[in-house]
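Next up: the structures, one after another.
In what follows, chain A forms one complex with chain B and a second complex with chain C.
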Partner chain A sequence: MLISIFAELLINNRALVVYDGEKVYFPTYGEMIPGRQFGLDYDYETNYRELQLAYQKSDGPEFVILPPVPYDAYEIDLKDGRFPPYPPSFADRHYLGTDVIGRDIIARLVYGFRICMAFSLLLLVMNFTIGITLGCIMGYFGGKFDLLFQRIIEIWSAVPFLYIIMIISSVIIPNLLMLVLISVLFGWMGLTWYVRTTTYKERAREYVLAAKTLGASNSRIIFHHILPNSISLIITFVPFSVAGGISALTALDYLGFGLPAPTPSWGDLLQQGTSNLQAIWIISSIVASLVVVMVSITFIGEAIREGFDPKMHSTFE
Partner chain B sequence: MTSYFIRRLLLVIPTFLGITLLVFVITRFVPGGPVDKIISEARMMSQSEGVSAPGGESFETGSPLSEEQIEELKEFYGFDKPVFVSYFEWLKKVLVLDLGISTRYYDPVWEIIRDKMPVSIYYGTISTILVYLVCIPLGILKAIKHKTTIDNTSSVLVLIGYALPGFVVAIVLFVWPAANWNWFPLGGFVSEEFDDLAFIDQVGDVVYHSVLPMIAYMIGSFATMTFLMKNTLMDNLSADYVRTAIAKGLSFRSAVFKHAFRNSIIPLATHFGNNISMFLAGSFLIEKVFNIDGLGLLGFESLVERDYPIVLGVLVITTVLGLLGNILSDFCVALVDPRVRFE
Partner chain C sequence: MKKRHFVITLVLGISLFWSGSAFANETLPSNIQWLSNDDAPLIGSPDAKKGGTYRSYLTAFPLTVRTVGPDANAGVRDAILANRLSLTTIHKNTEEIIPELATHWAYGEDKKTMYFKLDKRAMWSDGEKVTAEDYQFTLDFMRSKNIIDPWYNNYYTEEIDKVIIYDDYTIAVVSKKALPELHLRVTISPTPRHFYKGSVPKDFVKKHNWKVVPNTGPYQISNIKKGKSITFSRNKDWWAKDLKRYTGRYNVDKVIYSIIREETAAFEYFKKNRLDAFSLALPSFWHEKAKNMEVYTKGYVKKLWFYNDTPRVSFGFYLNQDLELFKDRNVRYAFAHSIHMKKLLKDVLRGDYTRLEQSTIGYGKYTNPDVKARTYDIEKVKQLLTESGWKRGPDGIWQKGGMRFSVKVVYGYKDYAKWLVVLKEEAKKAGLELNLQLLDGSAFLKMVSEKKHEAALIGLSASLRPSYWQVYHSDNAHKPQTNNLSNTDDPEMDKLIDQYRITTEEDLRVELAHKIQVRSHEIGGFVPTFVRDYFRIVYWRWWQFPKVPATKLSSGAFSAFGTGIFWLDPEIRKETLAAMKNGETFEPELIIDKTFKIK
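This part shows the complex of A and B:
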């Protein structure tokens, strides 16, 4: 995860450091530098890979340090006389090969992962905000409000989520925020329901009664007494809902109802992989990364759950 | 108890109405429905025919069909009335099992769905049975051998299966065992020469085709069921009544199977209804990967093609199954646990 935040440093078509004999440039972050700046004959953005070759030929003090994977996720790298997808090759520095239109797979994997994580984390924050607020209110105050929302949740959660999201996203072309909002619209129920039950249980405990007798207000009881007691149970949901977010976005992209076309996404790679079985490197790399990410998230989740689980299983001898 | 289930059954009705109304309204307000589709097809046709398209004035408005033609189309598809009126008309027909006519195939929706049902029922029942057949013994084994090598390795394996979304497992199975190593057929439900085979071979053929999809279907529920079985059994094993049973001289084996095991299958029963309805409705992602002609794929394809009568028809079936599945779960609990009293 940390690696993906600084992905620009590892995987980019802009150079890390350029020294043209007089001045040092750091093109990764900041404005684009036109080619003329480095004595090349064009005004569009410098092709640092060519620049490096040029500098290597002339043996002056100039040098270019490229990222380990010198390709951008959107950049199409076509080779003369061959058709993409290209197999993995160290000479081209496509360590995992390219996809069907010649984009580097590592670049797309990492940038796709970043988008995926952004999606899941946003989804997580929103779902948890709604879930905890509503769940607490429903569980604590009960009554008509509780009953009303119980019915709403019942109906809402029976609506097939993927159907709706597919209908909606076939009409409007969704961006990331839009997708998150739609998913939140259909994803808040599970947690709300859970928080409601825990709050409900906690409310019946003696310490709440004691706090009430001492004259604590409703908000004090909720924020200082009930929430701290139930938060550990809620935390265990975090990793699993991140995993859920990733698989939801991947499924949508796989079906072509997710983010619009040029965006790097795992679902898109999966789709390319299954329709181009001869290009085995596409499907292998995407499946391998999915397995690694999902399995590690689930194992983290299991560890957290076990850590918070107050129940000690006594084994029978 | 009976009154409880009657009440639950009655509660199905408002929920069902809510869901179908919601989806109905959405399909109505989304552009790209059958009328729009015919208009765009007509436009393509008139363009390929050149300038000789009928109605020169309609060209100026950008539509190849005249207003009356569009009105006729809308009337044909029932789009001319207000949403609620047409919803109730649709609902009235549903009550007599008339789900309308597909706007894509022009066949009755009910017949199309009925044709797909056997595939879904086959996968549903077999995978439910298999899940229980594998998970219950595995759960018992893991509970008895808690914290041993067998327990830990099987936990890791089951958790990996749980971590991966079902369709990713399906893709993995599709790419390697099926496509690359040619161990299994590339999707489909039966071979092309299915009708010529003897009965035994037919059975073998179906099994051969369904091994991989079946694994993909089941792998997600393995983890939940196995851990449920293991944890409840362990809770029960550490309970006092099992210790008493052992103390009075019962063998460990019969203490586990006669006392602890019986109490431990109760939570499994709560999942029974859900499992059934989930498997019956199928997963269109897995069906898409393996190209299985089931309900899930039908729903997905008709959604893409904007064949709303089928979308709604599939929705009706899956919703009813899901709601009934919930009630069935409660019923199973009441069946296996005499202590449970629903009020």
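This part shows the complex of A and C:
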């Protein structure tokens, strides 16, 4: 996670540090520096790999420090006389090879992971905000409001989410936020249902009654008594929700209805991998990454579940 | 009076019975000059053997076997229509007019009327004679509201004026407009009047979904297994089977189309000898999947690479000139100079395709060879944009005022993404930002036909002669549902096109076409991409061809109902199957035919 946030420093076609004899540049963040600045004959973004080669030949004090993987997720690296996908090669610094268009797989994996995580965390926050709020209100106050929303959730749950999202994203071009919003629109019901049930259950417990007789306000009861006691349930859902978000985005991208090309995405890699089984490095990298991420999320989930085991940490205030 | 009567019948959609003799009072002009053409070169081989079955596939089962009405525009429609002969046709190599159901033809002085003497031998597949009435009925049929097909309703009303019957075997077909090469418009095909009992039923669309209509061609649908396959079998007593022009053609007895939903699955079927041929048009098939497959290295199948010469699809970027950005000609030019086709063709498409130079390619003398596409040139982009007052922004993209040189490119096929991302990266170097938008097929067409795109990557299909009005005339600019996708609105262009449309003299037309192509290049609203000037296939070695395996206009070698010049050699088949059993091999064979390659 942490690594992927600073992916620009590790995996990028912009150099970390450039010294051209007079001045030190840090091109990673900031505006693009045209090739002419370094004495090259073009106005577009400097190709730092070529610059490094040029400096190495010139024996001067100039130097370029490149990230360990000197490729961007969008950059297409084509070799003369050969056609992508290229197999993994240390000489080319494509440590996991390239995809069918000639883009570095590590770069696409890491940047894709970052987008995927951003998607599922955003999704998580929104789903949980809506779910907890509505669930608490439904469970605590009950009555007609509860009845009404129960029916709405039942009906809304019957809408086939994946089809809807496909139809919508074939009409408009979704960006990340759009996609999150659409997913939230059809994904908030699950948690709401659970939170409602626990709130309903907790409300009937003696300590809530006690708090009520002591004259505690509704908001105090909800925030200080009910929520802390149902937190174990909510927290255990977090990892699975993240995993769900990742697989949802991957599935959409796989089908071509997710984020528009050429955004790096796991679904796109998976799709390329399955249709080009002869290029085994594509499918193996993406499947391995998926397995590692999903398994670690499950393990984290297990740990959290144990950490919040209600048998060990019941808080009756 | 008779004519009045005719119109009323049409309006009511009820056909009253009248015989062809009702028009017998029409008399042929006396100065008619009948033409015929029985000496066109043969395309079939006299050595061809009859017999055998050709196995092909479809990726989806057709929704109907009707050829008009809802859902008819797919599936086996082309195969069915190929088995319905017309009055005349054009020779697939020489493009000269040759007879089909008419033996003789003549042009009227008004350039609208064409006279035909029908072939008295012609028969429907159910044994009835083909007569003048069947041509009249084509008009009644196509104009009927009951077929629920506005396109045909319109075409047979707005383009074809009428059919005049002189006697049972002499007719004239009249076009609404005077036209050059009138035969391309008025050679209609007959519709069996006896089969429809003289009228189109109200529930035609429903009732005729799976009805096989009598035809005049060599094959007829003989078996429909819903969801599985469609079989065409030879018409046993096809009336034209002994005619000289059909020598060595239509050799197989049966053609079976099975439903195989996936290309890759079909390829596996082919390798297992359950299909007879497979198209290797895609680079991934030719260079990877089919390159060293066992059936080829052992010589059981052969590969054929055939260069053809037909009007090419104008595939490229259509820039919307209603957009503020593209109102400046320099910007349109700069866009064209930012598209790195050469790199795409060489490094991604493996040199399998060639650059499309302009929109009129493959039209023989109509093509102006001097018009060449703009090539990738960063310096030119710089020069053009600086001239118009643009500057490179901090992110390397050109800017002017509040505008960025950033263009949204819409496209309708997922496969294009692979090509577009390469162009996008190269365009960035030139200072152009391309934003790619994949749209679902129908959403894409809607957006483009409503002219809401900035730039669209699309191929407009080609007709036999270039037609410029629909693509470049201001009549069709700034309004939805027309083919002027670049919103070209240029008075000089309009003048040229208007002239081109009314000119019937060929040399002048060619000259005008050349001028239009130059003007279109000057306007620069279309940025051509690439073109494939061949087809390539792989097939089992028992299939045989004449010396030249296909025609100039062919798009495949196994056109069973079009040219139908291939045949199965049972001896070689036996030999090959035995060899496969015993593990014997043959020399692998790749045939490259350049008969029609344009140098």
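Assume the second predicted complex is superposed on the first by the 309 of 317 C-alpha atoms of A that agree within 3 Å, B and C clash if a C-alpha of one lies under 4 Å from a C-alpha of the other, contacts with A are read in each partner's own complex, and residues count from 1 in each chain.
By definition in this document, a contact is a pair of C-beta atoms (placed from the backbone, for glycine too) under 8 Å apart; a residue touches a chain by one contact, two chains touch by 3 or more.
Computed from a predicted model, the values in this text were never measured in an experiment.
*Asks:* Who does A:Ala243 touch here: chain B (first), chain C (second), both, or neither?
*Replies:* Once the two structures are laid over each other on A, A:Ala243 reaches chain B alone.
*Asks:* Check whether A:Val287 is in contact with chain B, with chain C, with both or with neither, and answer first, second, both or neither.
*Replies:* A:Val287 sits against chain B, while chain C stays out of touch.
*Asks:* Hey, is it chain B or chain C that touches more of chain A?
*Replies:* Larger number of chain A residues touched: B.
*Asks:* Taking the superposition as given, does A:Pro260 touch the first partner, chain B, the second, chain C, both, or neither?
*Replies:* second
*Asks:* Quick check on the superposed pair: does A:Leu270 touch chain B, chain C, both, or neither? Answer first, second, both or neither.
*Replies:* first
*Asks:* Identify the partner contact of A:Thr298: answer first if only chain B is touched, second if only chain C is, both if each is, neither if none is.
*Replies:* first
*Asks:* In the superposed arrangement, which partner chain does A:Phe223 touch: chain B (first), chain C (second), both, or neither?
*Replies:* neither
*Asks:* In the superposed arrangement, does A:Ile173 touch chain B (first), chain C (second), both or neither?
*Replies:* It touches chain C, and chain B stays clear.
*Asks:* Hey, what residues of chain A end up touching chain B and chain C alike?
*Replies:* 170-171
*Asks:* Where on chain B is chain A touching in the complex?
*Replies:* 14-15, 18-19, 22-23, 26-27, 30-32, 146-147, 159-160, 162-165, 167-168, 171-172, 174-175, 179-180, 231, 234-235, 237-238, 242-243, 284-285, 288-289, 299-300, 303-304, 311, 315, 318-319, 322-323
*Asks:* Chain B touches which residues of chain A in the complex?
*Replies:* Listed in rising order, the residues of chain A that touch chain B are 151, 154-155, 158-160, 162-164, 166-168, 170-171, 243, 247, 250-251, 254-255, 270, 273-274, 277, 280, 283, 287, 290-291, 294-295, 297-299, 302, 311, 313-316.
*Asks:* Where on chain A is chain C touching in the complex?
*Replies:* Counting only chain A, the residues touching chain C are 31-32, 34, 42-45, 74-76, 78, 83-84, 100-101, 170-171, 173, 256, 260-262, 278.
*Asks:* Can you name the residues of chain C that touch chain A in the complex?
*Replies:* Residues in contact with chain A: 287-288, 343, 347-348, 350, 378, 382, 392, 394-396, 414, 417-418, 420-422, 424-425, 428-431, 436-440, 443.
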